[in-house]
Structures are given as C-alpha cells and as structure tokens.
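Below, each structure is written out as structure tokens.
Shared between the two complexes below is chain A, which pairs with chain B and chain C, respectively.
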Partner chain A sequence: MIAFLRSGFSTRRSRNGLWGVPLVIVVLLVAVLTLATEQFATRENLFNLVAQAMPLLIAAIGQLFVIIVGGLDLSVGSVISFSTAILSLDAPAVVLIPAVFVLAGLVGLINGLVITRLNVHPIIATLAMQYILLGITRILRPVSGGDIPQIIISAVQGSFLGLPMPVFWGVIAIGLAAKLLYGTRFGLHLFGIGGGVAAGMEDAARNFGIRVDRNIVLAYVACSLFAALAGVFLAGRIVSGDPNVGLLFELDAITAAAIGGTQLSGGVGSLHGTVLGAVILALLANGMNMANISPFVQTAIKGGLLLAIVGLQSRKKMGL
Partner chain B sequence: MFDGQQEYLVEMRGISKAFGPNRVLRDVSLCLRPGSVHALMGENGAGKSTLMKILAGVHKRDKGLIRMNGVDLNLPSPREALSAGISTVFQELSLLPNLTIAENMFLGREPQTRTGAPDRRRMRAETAAALAELDLKLDPDQLVSTLTIAERQFVEIAHGIKADASVLILDEPTAALNAADVEVLNRSIRNLRAKGRVIVYISHRMDEIFGICDEVTVLKDGQYVGTRAIADVTPDQLIAMMVGRELADLFPARAGNLAQPVLELRGFKAAPKARAFDLTLHQGEILGLAGLEGQGQQRIMRALIGRHPVFGGSLHLHGQALKFPNRANGIRSMARLGLGFVPEDRKEEGLMLGLSVAANLVIGLHAEKPAVAPARALRDVVQRMSDALRIKTASPATPVGALSGGNQQKVLLGRYLAQGLKVLVIEEPTRGVDIGAKSEIYGLLRDFTNAGGAVLVTSRETVELIGLCDRLAIVHGDTVVAEMPAGQATEHGILAAALTTEGVAA
Partner chain C sequence: MRSNFLKGVLTGLVLSTALSGAAMAEEVFLMDGVTPSTTDTTVVPAGAFAKEGPWVIGMSHFGVNANTWTVQVAHETEAAAAKDSRIEKLIILDAAFDQEKQVADIEDLIAQGVDAIIVQPVTSTSANASIEKAVAAGIPVILHTGRIESDAFTTEIQGGAEHFGKVMGDWLVEQVGNDGKIWVLRGLAGHPEDTNRYNGLMQSLEGTNIQIVAEQNGDWQYDTGKKVCETLYLADPNVDGIWSSGADMTRACVDVFKAFGAPIPPISGEGNNGFFGQWTTEGYESISAEYSPSQGAAGVRAAVALLEGKELFKHYDYNPAGWDRDRAAAAYRADLSANVWWPSELPEEKLIELYGN
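Up next is the complex of A and B:
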C-alpha cells in the first residue's frame, strides 16, 4: 500500500503518471471545505457532489482510453448532447437505449477508422466529427425539450440500498474501465501502443505483433461508448434532450485526465488518477459555488490548476 | 520429403527490394540450415538489415520467394513472421519504455488467466527465469525506461529467445555489450543451436563471427556475394568478399601540399569515457572521418556546432582559440566564424521541402541578418548558385521537394557555398544520390577546397571517402584510432584498422 502510494509521486516506478499530486489536492480540498463551510460535509451535499461529478467522470474515463494511445477525442461533447437528443425522441426505451450505444459505437468506429486508415490527425478527425454530430443533434432537437424514458430518470435520480443511484453509475463505469485497462490484453496493448508513439517508435508495438490499428479504433469506440453513458446519465438528470448540454465536455474530460497525471503524448496515465482529476474539478465547482465565487473566476482557476499540475510533470524523466 | 529431412529450414531466394528509386536488394538469396548459426556480413548499407527486416515481416519484399520447412511464406507484417516462428532482435532498440520487462517479454502473446486478464504471475515467473538464464539480476516488474542501454539490449535478446521461435535473428546484438556479456550470449546461442534452431547473426566483429558461427553469407551493395562455411575462410578473405570492388573513376584529383591549419582539435573528447585525440584540418584539404557506422563520427562532427556535448579538449579556428559552441546558437555563431554544417538528412534537417529552390538557397544568407531585416529575393545569388552548381529545376520557384535527390543535395550545398564560408563540415555528402550527381558533387567540393576552403566529411560509403578525401582519420569508439593518406587507403585497410583496435579494446 505504502509502495503503491509512493509510486504516485514517482515517474520511474510505474506508467501511472503523477496521480499522487491530485490525491493530495483532493485530500486538501476536502479538508479545507469541511473546515471552512458547514454545508460541505453534509450527506446531502456529498451525494449531490457525486451526481454533479458523474457525467464528467464517465466522459474522462472514456477520454483516457484514447489519450493512452496518444490520441485525443474532441467529439465527446457532441456525443453526449447527441445521446440526450436520441433519448428524448418519441420511441420506447427498449429501442432508444440500445440505439444510443449503437450509434455512439458507430461514431467511435468512424473516428478510429478515419484516424488509422485515412491518417487524419486525431484532433482534426474528431473535431470534424464534433461539428457533424452537433449539426445532426440540432436537427433532431433544435432546443432543449422532449421526454426521457422514465426508467432512465429512475436509474439516475432514485436510490438503492440507501445510496443514491449515481454512486452505482460510478462503480459500474470505473469497474468496467478497470477491467478493460488492467484486466485484459487489450488494455496492456493500448499502453504499449501509446508508449511507442510517445517514444517516437511508432512501429515498435507493431513489431511485437500487436494489431495496432485495430486497437486504436477500439480505443475510440470505447471513448464514444463512455461518452454515450455520460449522455444517458445527463439525460436522466435534466429530464430532456438538450443540444448544448455536452458543450465543452471534451475539454473538461481532457483536463480531468491531465490533472490526474495522464500524459497527452501517450503511454502514461491511470484510471485512479483520472477519477481523482474529475473529482477535483467537481470539488472545485462545488466549493466555489458555496463560497459564492463567480463561475467566470472558477473557469480561470480551473485553467490555472491545469497548468500548475501539468507543469509539475517532466516528460523527459520518464524516458518517453 | 527428400531423404526424410529438409536440407534448409529457411530459404530466401531472389529477394529484391527498393525504397523509392533506391534499390536496396537485388536478387539476394539466403539459405539457413537447422541447428546452425549463420553470419550475415557486408559493409554498411549492403542490405543486411533490410534482408532481415523482410524475413521479420517489417518490410515487404518486391520480388522473391521465402520458404520455411518447404512451405511458401507470405510475410505482410511482423505478426505473421512471429507466428511462423521467426523472432528478431533488431539493431535499434525497440522495447517499449513505459512497460515493465515482463510486459515487454510477453507483449502480443500474453498468457491469460481464466478471466481473460494477462497472467501477470506467470509472466513474472517466466521472465525471471529467462533473465536468470542470461545471468541478469533485474526485477521483471521494472519499467524498461529505467534500464541502461546494455540491460535493454539483454532484455531484447531474452525476448527474442523467449519467443521459442525456430529462427532467431540477431542484428548486431553485441553493440552495447562487453566481453563478459558476449560470452553469456554465446552460451545461449549454443543452447539454441543444440536444439536445432537457426540463428542469423549480424555483426562486424570478426572474433565473434569466427567464435560462434557455422556459415557466413556476404552481401555487397544489395547483392549476394557468396556463402561459405566458416571453417573454409579466413578473416582476410571475408573482408575481401565484403569490399572487393573497383574504384570507379568518379573522383577529382587530390590536393597538393597542405600547410596552413584551419581547424585544430586538441585533446578532444566526444564521449565521457572516450580516449582524447587530436585532429587538424588544413586549408585546401578534404579530411574524412572513416570507420564503421555509428562509432562516433557523427558525434565528433556535431560537437563542432554544439549539437553534441564535448567532454574535454580545445578548438582553434584559423589559429584563434574558441570555446566549444553551445546547442542554442552553435550553428549561427560558427557560421559567423566561417564554418558551416551540412546535415546528413537533407529532408529532415537540411531542406525545407515545401519551399522553393530559391528560398532554400538564400536562407543561409538571410539567417545571418537580424530577424526583422527585409528578406530580399537575392535573385542574382540564386542565379549564380544555380549556374555554378548546375541545379536542374524548372524554375527557381519550384518546391525543392520536387527535385531529384542529387539536385536537392546540390541546393543544400549551394546554401552554404552562397554564404561564402571557409570551412564546411559535411555529413553524408551524397546520400541517396545517383552516380552522376555524386561525381558532380565531388567536383564541387574539390573546387571549394582548391579556392581555399577546407572540408571535414563523413560517409557510410568508405569508397567515397577514399576517393574524395586527401586524408582519412579512422574513428572507433568515439576516438580517432588511426590516420592515413586517402591515396594509400583501402577499404580493407580501414576495416582492419577499426577492427584490430576493437579487438584490443575488448
């Protein structure tokens, strides 16, 4: 345990990145908010915090998959809006819910194929997808509205075993990602591919016999599916389809991953770090709201934090 | 099939390969017997690594046949080669730095637990065993980025052996190893041979070839020269097979008497542990740094413009003592003193391929001026250099990337000649350039020195150095081990000088 915690502050012991830093920040933020305000440490606020954090947490987990292979996915926000728009259509839940994930998987597939087959830079490929999907979403649902299937609303707003539902969404999303990243050969291959990209040896993973292109495509599919999951959750919270609800989510997701010690050059990063990054963003918003800090100032503080934490990490030290 | 046993485990026949217009392999054959260590020899650029990369599935062959156990193999990617039982330890390090040793050892063929997860316990245990077999005391859970170069090399070898392949390709496996390490490696190779495996062994070290190999195939200029049993050849005969070609009549006359030193290095150390050496370049002289590839020629050259750190010594230019330049403005400061650096890779480091011939020619002149000075087109300079160098282009506005290799190289050279420099440090003056343009470039360099300039040059092609230079300095282990007049040098002599000193060092 101690050795594991120490590895969070070292770039030499593991490829998890500096996740010890966000851990310390989370502990500090919780301590400060608990001492400074009375509302923070209440059961009600903490459950509310989990619900607030959940869409970003899920989207950031998805983003982690593509960042590990040295890519980026800017279409995440549109996938989220698109998912809420689909769910608000007039059709039964048994049709809508599978449709959301099938379509999102298709989006990821197209992203991955455009990047690997057409050799388009990930930023351009997914930026284009972001616009395309935003356009389609606005056709489907020009302004916020429509009804969301009751089952989703219950699954987001209800509670189970005395715990609010968002807790279970978090457990399932994190558990699924943990299995994919650390409990499959697929996850190991993603790290291998990203390490090769970061070290300037694009062919290295291929020389090991890894199906590089296929794994990269699957990483983008995973990212889109997690984004769709975040979208379904958001739909249950806002109880309508909204073409703008996902706006800028892709950048917040990247921010969460980066704060969590994930290297954008690929091959270095961790699930726990990314979760911590998302928690920090949620804590900041929650705490600053309580302190009546203007949302504009909050945004500036978020940027400053990102810069400070990423500035702490030296890429060269990792031999990458 | 025939006598119940195949004579050869692997047959490569009539293999040809070209990269663009550059024909790297022409009708090369290689036949490997089971239970043997087969050396593959040839000069730098003879095509050894390309041939092996074709067998490893990294490059696709243009023509030719590969059979294993009498079955035709199509090797579109490394994956197919690996599953056919062909395992490679590449010359350049190819382990993934962010994975542990154990993960690298099993990458792409991880054992799985019942839940489908990589079986880390088994990977760890088997890796520890494989490392122990090579006398390595390393933690399988260590990240590869924390290993030394020699350790990485050993892990690569362990990885190649671990693959349990019937063919193991070792491309210069000992480059980073000391004598004791080499002995450990040889023990493993003998074990594999006893099991009936085939080991292809690429190395420049004669003692290793004669110590461990059974047969040797020699390549030269991308062509097959011959295959011999090691017992039937001597090192001298092998060197003759590797080099024995006529010197083409490509080269201009050499310089006469040389008196005036231009560039002097004293007690120069290009690497922390290298022996210090002296080197003098005279006015009117072309001095070549010769030797095996990657022995420090490039480090020495690049130290002069601050692109590589210097570990001791002094530098005089035109008799004036100078500090060694730093990385940030070394090229600028040396250009101001009349020394220009022509980098090896004209596409990556030299030319701006998307810009015009004219812009590439005059950019050196512009670089000398303040950043906000107006950049005149300098059409007269462009015209003069195009004429002098006989650059074949539709117009000066043509993007330089559209020109042939030879003309690109002339544009690069023209940039430095236009600056009116006195000393040129040139890496690979004719890489990827056809024979006619080569001859022209040699002539241009000789004209430059006849007009009072001086040239320090490296090349992978030893023949080129012998023909072009007045004097050669043989570099080995980051130091100059011998000097000789180029007129009396032979490829054999240079190779022997480098290899002999290597034997001493090891």
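Up next is the complex of A and C:
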C-alpha cells in the first residue's frame, strides 16, 4: 500500500502519472472544508457530494480511455444530452435503456472509424459528432421535459443497505473500468498505443503486433458507453430529458482526467487519478457553495486552482 | 329549522375565515405589477413557516453571469436582503443554466440549513426533485422567473412569458396591419423563455394574414442579433415590422438599419437603459414589454413574509402592460450605462456604484 501511494509521487517514468498530487489536494480540501464550514462533513452533505460527483466521474472515466491513446472525445456532452432525451421518450424502459447504449456504442464506433480510417483529427471528428448529435437531440426534445422511467429514478435517487444509490453507480463504473484497463490485454494495449503516440512513434505499437486501429475504435466506443451511463444517471437525477444538460461536460471530463495526472499527449494516466480529479471538481463546487463564496468569483477560483494543480504535474516533472 | 340555522352559521364562519385570510394575504406587497392569480387562489396559511430571526435565505439563481439582466437580478436580490436587518445572510448560488448544477445547489442549500430558498428554475423540470426535498425538510420555497411542472413549491411569482410575447405581438399586429411581413428575432434556442415568448407572438398572429418572412435566433445578445439582422437585411430588406424577443437584440437590429441608412421599421423591445436611450433619441416606433429584474427583490419579500408567518397566496402573476416611448423616456438615465434594466428597485447609490458612467 505504501509503495502504491509512493508511486503516486514518483518522478520516475510511470504510466500512472503523478496521481499523488490530486490525492494530496483532495485530503487538503476535505480538511479545510471540514474545519471551515459546519455543514461540509455532515452525512447529508457527503451523500449529496457523491451524487453530485457521479456523472462527471463516470464521463471522465470514459474520457480516460481515449486520452490514454492520445485522443480526445468532444462528443461526450452531446452523448449525455442525447441519452437523457432518448430516455424521456414515450416508450417502455426495456426499450429505452438498451437503445441508449446501442446508439451510444454506435456513436463511439463512428468516431473511432472516422479517426482511424479517414485519418480525421480526433478533435475535428468528435466536434463534428458533437454538433450532429446536438442537432438530433434538439429535434427529439427541443426543450427540457418528458418522463424518465421510474426504474432509473429509483436507481439514482433511492438507497440500498443504508447507502445512497450513487455509491453503487460509482462502484460499478470504477470496477468495470478497472477490469478493462488493468485486467485485460485491451487496457495494456491502450497504454502501449498512447505511449508510442506521445513519443512520436505512432507505429511502435503496430510493430509490436498490437491492432492499433481496432483498439482505438474500441477506446472511443468505451468512452461513448461511459458517457451514456453518465447520461442515464443524470436523467434519473434531473428527472427529465434535456437537450443542454451535457453542454461542456466533455471539457469538465477532460479537466478531471488532467487534474488526475493524465497526460493529454497519451500513454500516461490512471483510473484512480481520474477519479480523484472528478472528486476535486465536485469538492470545489460543493465546498465553494458551503463556504458561501460569491457566484461572481467561484468561476475564477476554479480556473486558478485547475491551472495550479495541472501545473504541478507537467510531463517534464515526471521525467517523460 | 335548527339544522338550517347551524348550517348558515357554519357557512358564514367558513366564508368569513376564507375572506379574512384572503384579505391578509393581499396585504403583503411583493412588487408593483404583481397580483394574486385569478385562476388559482390557493392560500399558504398564516404561520406555516413562521420562524424567529435572524434568518439565512438561500437562492438558486438560474445563471448569474448569463447577461446583464441576470446579473441585475442578483444585485436586486442582494439589495432587498440588505434592507432587512433580520436577514443575517443571503446565499446566492449560480446554476449557470445547468440543470444538474441547480439540483446540486438546492441540495447544498438544504444541507446548510437555510430558512427559505428562492429558486429561479433553469427549466420546468430541473429543480422539481430538490424543491420537493426542501419542502419536505420544512423549508419554504419561493419560485420566480420560471415555472416548474411540480406543485411542491410554497409560493410563486410568475411573469408570463406568453404574456410578454403577446404584448409585443399585439402591438406589432396594430403596426403592420393584417397583411404585413415580419421578421422574428428569437432568443436562445431550446430555452423555455424563448419558446413561451414565441408562443405569445403566435397567439397575437392568430386570425391575421401576417407573414413571418424570416425567423432566426439572436440568442438575446447584441452581437448575434446584429449578425442575424445584417444577414436578413442583405437577403431582403423589405420588412414591415420586427418582433424581437427582447434583451439586447432590438438595439442591435436598429443599429443595422441605421448603418444601412434605411428607415427603421416598427420593432419590439425590452426595458434596458441602452434601448430606452436609443428609442428616445431615434424616435422609431416600438414598445417595451416589462420584465423587471426586481423580481429578485420580490422573491426576498415573499421569503420574509413567509418567515414572519404571514399568509400568502400560492400563485402570483406578473403581467404588466407594455411601455410606450413617454414612459421609457421618463425612466431613461443618461448618467447610467446601457446595462441597467427598468424598472429597478436598486437604491440610487447602488445604481451609481454599479452602473454609473
């Protein structure tokens, strides 16, 4: 355990990045907020915090898959909005829920194929998909509304074994991602592909026999599926479909991954770091509300802190 | 005989209680132009939320930094709270037009144990679940500047967006006649306020032969509104009137006609100082629909009334008449920037501090 924690601060080459920095920030933020505000450490607020962090945490985990291979997915927010819109349609849950994941998987597949087969830059390919999906979503649901299946609302707002349901969403999302990234050849290959991209040797992984294009496509599919999961969670939380609810989510998801030590150039990043990054963003939002910081200055504080945290984790500092 | 007598006495008692209740609720002043709803006269009983001060009032603002009007709502709220020494603290949280953030903000206000929560809903469904949580926790919830589908709130002050759009629409129908050609400058696509204002226009156009020859979203912004008007003018300058959904698009569109040296067609507007100055100086035909940022202050007064234990109506309407040029000229302040919205309840020193040239 100690060796694991120490690795988070190691400046030696590590594919996990300096995830110890966000860990320290989380500990500091929790300590400061507990001392500074009476309400922060209450059971009610901590349960709120889990629910507030969850959609971003899930979306950021998805984004991690594509960042590791040196890509980016700007369609994440649109997939989230699209998913809530689908779920608000007048159809049974047994149709809507599978439909969300099938369509999201298709979005990821198209993103991946456009990037690998047509050689379109990930930013352009996923930006185009963002616009296309936004348009379709606004046709499906021009303004917020509709009814969300009760099973989703209960699965998000209910509790089980005395714990709020969002805790279980987190366990499932993190568990699934951990299995994919650290328990399969697919995960290993993603790091290999990304490492080659970051080193300017795009063909390195291919030369080792890794099916690069296939794995990149699968990374985008995984990203979209996690975004859809975040969308399902959000639909249960806002109890409606909303064409705008995912706006800017892709940027927050990238920010969470970056804060967690993930290098946007690829090859370096960790699930635990990304989770910590999402937790930091949620703590900031919740903590600034609790500390009664004026809305006029909250945004500036958030930007400044992000810059400082990411600045502590430059590639150079990691010996890469 | 005795039974009829008793029935009469009981009916009299019930009626007098109801009437005296209504009279008490009517005694509460919320804002000029705000009246109890005539369609639903449900009353929040006296004492339902009575609490000794000092109070902490929370507010979930739908988006403080969206434009100058939304900023002023926050300032009007702060100024109204500052006037009442019993309000120990006002906490304004900014949802930044994000449904998810609004849910989180209201949860945070409940966790902080505020005494009342004022909500400007991001959408008609965004805050339902958390508002229900707040009311279940015994916290009164006051809504304004946006309706929700749930009935769980305590009281609401609602300026009808349809009414707003119809005030402009009725006036424009008079201006362009039965067969006129009009442009429609809409606000932010997908925003309920835009949809509802537009629905108000549609009500005005019913039964006329007025033709909408162009319809674009100017996002209520000066820059976007200007681009849209330039494009429309270059495509076909023949237009009899313009229905502008308000905010800063009217001033932008007028500037386009001025830049092309063309006569300014009748165009609807909304009460900001920049538009009032331009309207007064240029003298074109317009009307200003009213949607005061002082609804922020009205929300504070409603919260205070509930905490004082006063009786309130559950539903209040804010459907004022449109402003003509004389009224706009009287309100216009050359010593203040274009960004003030009228009518305002901000104290003079605050107006100078925030908006003085």
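We adopt the following convention: the second predicted complex is superposed on the first by the 309 of 320 C-alpha atoms of A that agree within 3 Å, B and C clash if a C-alpha of one lies under 4 Å from a C-alpha of the other, contacts with A are read in each partner's own complex, and residues count from 1 in each chain.
Here is the rule we use: a contact is a pair of C-beta atoms (placed from the backbone, for glycine too) under 8 Å apart; a residue touches a chain by one contact, two chains touch by 3 or more.
Everything numeric here is computed off the predicted structure, so don't read it as measured data.
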item: Combined model on chain A where chain B meets chain C, clash or fit; value: fit
item: Partner chain in contact with A:T34 - chain B first, chain C second, else both or neither; value: neither
item: Touching partner for A:S240 - first (chain B), second (chain C), both, neither; value: second
item: Angle at the Cα centre of chain A, taken between the Cα centres of chain B and chain C once the superposition is applied, in steps of 10 degrees; value: 130
item: First (chain B), second (chain C), both or neither touched by A:G195; value: first
item: Which superposed partner A:D203 touches (first chain B, second chain C, both, neither); value: first
item: First (chain B), second (chain C), both or neither touched by A:R211; value: first
item: Chain B versus chain C as contact partner of A:G183, first or second or both or neither; value: first
item: Which of chain B and chain C A:N289 touches, first, second, both or neither; value: second
item: Shortest CA-CA distance between chain B and chain C [superposed frame, angstrom]; value: 32
item: Chain B and chain C footprints on chain A, overlapping residues; value: none
item: In the complex with chain C, residue positions of chain A that touch it; value: 39, 42, 44-45, 48, 51-52, 55, 138, 142-145, 157, 234, 237-240, 242-245, 247, 285-286, 289-290, 292, 294-296, 298-299
item: In the complex with chain B, residue positions of chain A that touch it; value: 12-15, 182-185, 188-189, 191-192, 194-196, 198-199, 201, 203-211, 267-268, 318-320
item: Of chain B, residues touching chain A in the complex; value: 56, 58, 77-79, 82-83, 88, 90, 94-99, 103-104, 107-110, 112, 115-118, 143-146
item: Contact footprint of chain A on chain C as seen in their complex; value: 61, 64-65, 74, 89, 91-94, 97-101, 103-105, 107-113, 122-126, 128-129, 149, 189-192, 195
